[in-house]
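In the two complexes that follow, chain A is the common piece, with chain B as its partner first and chain C second.
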Partner chain A sequence: MYGMLFSIRSFVSKMSPLDMKDGFLSFQTSKYRLHYYETPSGLKFVMNTDLSVSNARETLQHIYSNLYVEYIVKNPVCVLGHNLDSELFSSRLDAFIRALPYYSPRAA
Partner chain B sequence: MSRQSNRTTDSKKMNSELFTLTYGALVTQLCKDYENDEEVNKQLDKMGYNIGVRLIEDFLARSSIGRCQDFRETADVIAKVAFKMYLGVTPSVTNWSPAGDEFSLILENNPLVDFVELPDNHNTLIYSNLLCGVLRGALEMVQMAVDVRFVQDTLRGDNVTEIRMKFIKRIEENLPAGDE
Partner chain C sequence: MVIFSVYVVNKAGGLIYQYDNYVPRAEAEKTFSFPLDLVLKHHDEKVIVSFGQRDGIRVGHAVLSINGVDVMGKNTGEGKDILEYLRDANNYPVSIRFGRARLSSNEKLMLASMFHSLFAIGSQLSPDVGSSGIEMLETDVFKLHCFQTLTGIKFIVLADPRQSGIDTLLRKIYEIYSDFALKNPFYSLEMPIRCELFDQNLKGALEVAEKAGNFGAGS
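And then the complex of A and B:
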């Protein structure tokens, strides 16, 4: 997946006629939409949703500032760059996503 | 109204004193453990580096600053936003080299060295060397390799504390080895 995102990102930056502000935001297929957020430190956040969600940039930003930084970065036991190994992070992330207005468990 | 403001400044002063004392205890312990100023300087730099690579994430999350366009902007952000946010001081940015790749941060007062005096047998110790490591680590995470050194230090008798920062190169993003 990284290769694809990297290619899309450099494609977007080359295509952009003016100074690129936010860069690559999301792409959609007929079945899903992929949202992308990258921090200046090179961290990439990807979220796949269905087509009804138009802009998840703020959500991803919130996940970065309030969840990733708090529970992973500030935890000296978590090695940056390896798999995210924090129970607390996983449970908080899960609770946050479930509380999002556009998340609703679809009846099977 | 005035009572409220007193309370906030008091709590800020309390935090900075605890921080200063903690840092002092850290340096003292390192000196006891290593007994060699050069080694202590190296360790402080290493610790600073580890702090810096994480601190940058916290900084980016709290300040919501985007990518800097050039080194000058980086210098301004470091001095006006980062130092203000973490140490409560705003150094001035001066002494730009003609090529625009080197500058100095001048700190009138350094919160790490409140109450500190260097004894005579430690005159090669760079007390605040942690800051150099922090700056180096943080900038490396935003793809900038820099060299950071102290050129003046109030603990060694100079009037101000001066940190010299030199831009070495841009770190290119490497693609991870394909594992598909």
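And then the complex of A and C:
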């Protein structure tokens, strides 16, 4: 997946008829939609949803600023760059996703 | 509310047709005096801006012409190396035009093949079974729509993100392809499309889609 996203980003920057500000946002196939958000520090947030979700960029931005920064970056035990090991992060992330308006308990 | 370009890719991933409907050329021409406050570098046979964004000249823009003479790759129109030319104070004041680099045919071929592979990987990454390839790719500046026929031909359209009715346009392009390319006895399958009627009808269909798109989304 990382290679795919890297290729898509480079493809989009060459193909684009105008100068881009945010870059690649999402792509969709007949079954799913992949949303992408990259922070200025190079961290990539990817979310796969079904086709009804059109814009998850704010969701991903919220996950970054309110969950990742709070529970991983500010955690002295978590080494940035390694696998995210914080249980608190996982449980808060789970609760946040379940609270999203487009999350359906059927899928769980 | 525009359609930027149309690409047609064959079964093997090779580009067989390409048409640029609208190419927005954001260019900036400025006169500079020594020393140049932009940092330029070589990249892919072109000279591009690496640092020093200002006044419409963005990072990534390429040098298009110097003193009105179009550049040829890394060299000026006369054959001198651009960076050497700009390092010499005697050549100033100089007027340079910067802009987004135009894609050469080779680059378009490469990008089409790249998309062909990305399309295939998109179907494999699917969390659900039986997914098609990438049907739509969205960025903040354009939306890329792709329609794959049962025979493996892909019709790719790059349009404004707010443009509507692209699905119908893709089906229409497929119809035009089957009418004017496939039924042409001189056209061989999977080869580059060189049929005048195909070009004409395609342009007509794009105009119709752009006008219809205006009613659909409003402005």
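The rule is simple: the second predicted complex is superposed on the first by the 106 of 108 C-alpha atoms of A that agree within 3 Å, B and C clash if a C-alpha of one lies under 4 Å from a C-alpha of the other, contacts with A are read in each partner's own complex, and residues count from 1 in each chain.
By our rule, contacts are C-beta pairs under 8 Å (C-beta built on N, C-alpha and C of every residue); 3 or more make two chains touch, one makes a residue touch a chain.
Because the structure is predicted, anything quoted here is derived from the model rather than measured.
Asker: Here chain A is shared; do chain B and chain C fit on it together or clash?
Answerer: They fit side by side.
Asker: Quick one: classify A:Ser26 as touching chain B (first), chain C (second), both or neither.
Answerer: Once the two structures are laid over each other on A, A:Ser26 reaches chain C alone.
Asker: Should A:Leu84 be classified as contacting the first partner (chain B), the second (chain C), both, or neither?
Answerer: neither
Asker: Which partner reaches more residues of chain A, chain B or chain C?
Answerer: Looking at chain B versus chain C, the one contacting more residues of chain A is C.
Asker: Quick check on the superposed pair: does A:Ile97 touch chain B, chain C, both, or neither? Answer first, second, both or neither.
Answerer: A:Ile97: touches no partner chain.
Asker: Could you tell me if A:Val46 is touching chain B, chain C, both of them or neither one (first, second, both, neither)?
Answerer: In the superposed model, A:Val46 contacts neither chain B nor chain C.
Asker: Minimum C-alpha distance between chain B and chain C after superposition, to be given in whole Å.
Answerer: Here the least C-alpha separation of chain B and chain C stands at 5 Å.
Asker: Using the touch definition up top, name the residues of chain B that touch chain A in the complex.
Answerer: Listed in rising order, the residues of chain B that touch chain A are 53-54, 56-58, 60-62, 64-68, 141-143, 173, 175-176, 178, 180.
Asker: Can you check the complex and tell me which residues of chain A touch chain C?
Answerer: 1, 4, 7-8, 11-32, 34, 48
Asker: Within their complex, state which residues of chain A touch chain B.
Answerer: Per the stated touch rule, the residues are 2-3, 6, 39-43, 61, 64-66, 68-69, 73-74, 80.
Asker: What does chain C use to touch chain A in their complex?
Answerer: It is residues 4-5, 22-24, 26, 58, 60, 100, 103, 107, 111, 114-115, 117-118, 121-123, 125-128, 130-142, 144, 158 of chain C that touch chain A.
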